[in-house]
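In what comes next, chain A is part of two complexes: it sits with chain B in the first one and with chain C in the second one.
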Partner chain A sequence: MSIRAQGLRTWLWQRLSAAYLAAFLLFSLAGWILAGPWDYVRWRALLTDPVYAVATALFFAALLLHGWVGGRDIVMDYVPAGALRFTALTLLALAVIVMGAWAVVILLLAQIT
Partner chain B sequence: MRFRIYRYNPETDTAPRMQDYEVEGLEPTMMLRDALLRIKAQDETLSFRHSCGEGVCGSDGMNINGRNGLACITPLGELKEPVVVRPLPGLPVVRDLIVDMSRFWHHYRSVRPYLIVHDPVPEVEFRQLPAQRDRLDGLYECILCACCTTSCPSFWWNPDRFRGPAALLQAYRFLADSRDQETESRLDELDGPYRLFRCHTIMNCAAVCPKGLNPTRAIHAIKKLMVEHAI
Partner chain C sequence: MSNNNNQRPVFLNLFLIRLPVTGVASIAHRISGAILLLLVPLLLYGLQLSLRGPEDFARVTGWLDQTWVRLAAIPVVWALAHHFFAGIRFLLMDLDCGLNVNTARVSAWLVLAAGAVTALVAAGCLL
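After this line comes the complex of A and B, so read on.
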């Protein structure tokens, strides 16, 4: 059994990304609530903090990875193999890439401006 | 007592139909199989599989009021009227309540449901510690009635490639066996996106198993074993 095994690897990524999403959301929500009230200046300051920015970038990466595996599972279950499935998976992959690029742009802009 | 039974004879019927029956003199403690035998006495064209009559052979798995189960251990007193009886879902119908189990047996054979030992066979017996033997409880009792596999949506969606709960329960029965020496190849065989990993923990299998087994737990144990062997 190898960690590169296709089914196992995908399943593990889904589980690990879920754990990170849960942990990030839990800590962030607790932090937001405890450190409130929040205004625009404080939000900007938080997002320019390098540690939080990296953690947020990882959050979006985990979210997109989790979404890709889940979406791929749904397509594999419901869409018959062939051209239709290929199209659905391609559209899903494109959506994930576009959303990933969008998240990168937002995070980079927050750092620059 | 009133019954609505799925009828289909591919040789004479163009489409399946539901046929109503009324049977007198049934007791609540009698089993559905007894009622079906009475119906068959009225109408000998009705076809269904049955054998031991006590939940051991697994022949009379069917869909009873929307839920898979064995007719021989389903008391009539627990069933709402009319009792709607259909063949197990997800498998081709041969006739009436009889389904073609070829696909089910194909998956069962694929997991090599027997011990594979490379060491010389001991002269007396294979030895196991009580704790090693205990690991097989909840696994070896499966009677292969197909109630679990045919109630699994993942099997309905990918019947050719997803092994299904019954075969995966049996796969783990041999993975958990201390005497078996083919763990690696058994795990390798189950990898890929379909054979094992189509299970989404829906747990219909555990809900309908007439022997009270939990294939979902076995599937999870296989995944855990895969992780242990991969890392």
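After this line comes the complex of A and C, so read on.
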């Protein structure tokens, strides 16, 4: 079966993003606990560090991709095909896009201000 | 033949369906995922405030000191922990690991327990 088959590709993205989310969360949790306590200056320095900022941007990309596939699966399982499902999927897609743009703005604003 | 589809029994009484433990782990994975997805805007809002200035950073940490926020955080910790552990279980199953019915039952119990224990530890730390 071709990897370009739509369902299989989605399945693969769901797993790849899951692996990154798990790794990032474990790494970050351990770092936050070991390197605490945190104040504003240190927290900002962490989130504007180029490596961690890119890792965080990737985290949100993986999170939203993962959330899109999961939310899409839930909608397709419980909302019958038709206008209602189309509306639900459109709203979900819009929400994911807005949250992604929001994350980019947060991380970029922290860099330039 | 075409009538068979319409004559299939429909049994959807959720109170009488006894879900196997593997099914409980599965539906809990879905519910916890939905909870986490709905909370992403809150995460983004908190992150935005925490990076905006010292006063806003103090506002966010101030929320985390409030009892009701800490109470509300416990089910969120459960959702994250269960989704994490159950997700790893599914990833292993995708790699053909633990597909045997008995193994799958044991791992489902383990995953449910791990999520509950994490939530209890979080409750101990937060309250």
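Following the convention adopted for this analysis, the second predicted complex is superposed on the first by the 113 of 113 C-alpha atoms of A that agree within 3 Å, B and C clash if a C-alpha of one lies under 4 Å from a C-alpha of the other, contacts with A are read in each partner's own complex, and residues count from 1 in each chain.
The definition used in the following text is that contacts are C-beta pairs under 8 Å (C-beta built on N, C-alpha and C of every residue); 3 or more make two chains touch, one makes a residue touch a chain.
Fair warning: this is a prediction, and the values are worked out from it, not measured in the lab.
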- Message: Quick check for you: in the superposed arrangement, does A:Met76 touch first (chain B), second (chain C), both or neither?
- Response: first
- Task: Using the superposition described at the top, determine whether chain B or chain C touches more residues of chain A.
- Result: C
- Message: Looking at A:Gly7, would you say it contacts chain B, chain C, both, or neither? Reply first, second, both or neither.
- Response: first
- Message: So in the superposed three-chain picture, is A:Met99 touching just chain B, just chain C, both, or none of them (first/second/both/neither)?
- Response: second
- Query: With the two structures laid over each other on chain A, which partner does A:Ala18 touch: chain B (first), chain C (second), both, or neither?
  - Reply: second
- Dual-contact residues of chain A, meaning touching chain B and chain C, are none
- In the complex formed with chain A, which residues of chain C make contact? 30, 33-34, 36-37, 40-41, 44, 47-48, 50-51, 53-54, 57-58, 84, 87-88, 91, 94
- Per the touch rule, the chain A residues reaching chain B in their complex are 1-3, 5-8, 10-12, 73, 76-78
- In the complex of these two chains, what residues of chain A are touching chain C? 15, 18-19, 22, 25, 39-40, 43-44, 47, 63-64, 67, 70-71, 74, 99, 102-103, 106, 109-110
- Message: Give the list of chain B residues in touch with chain A in this complex.
- Response: 153-154, 157-158, 184, 187-188, 190-198, 200, 223, 226-227, 229-231
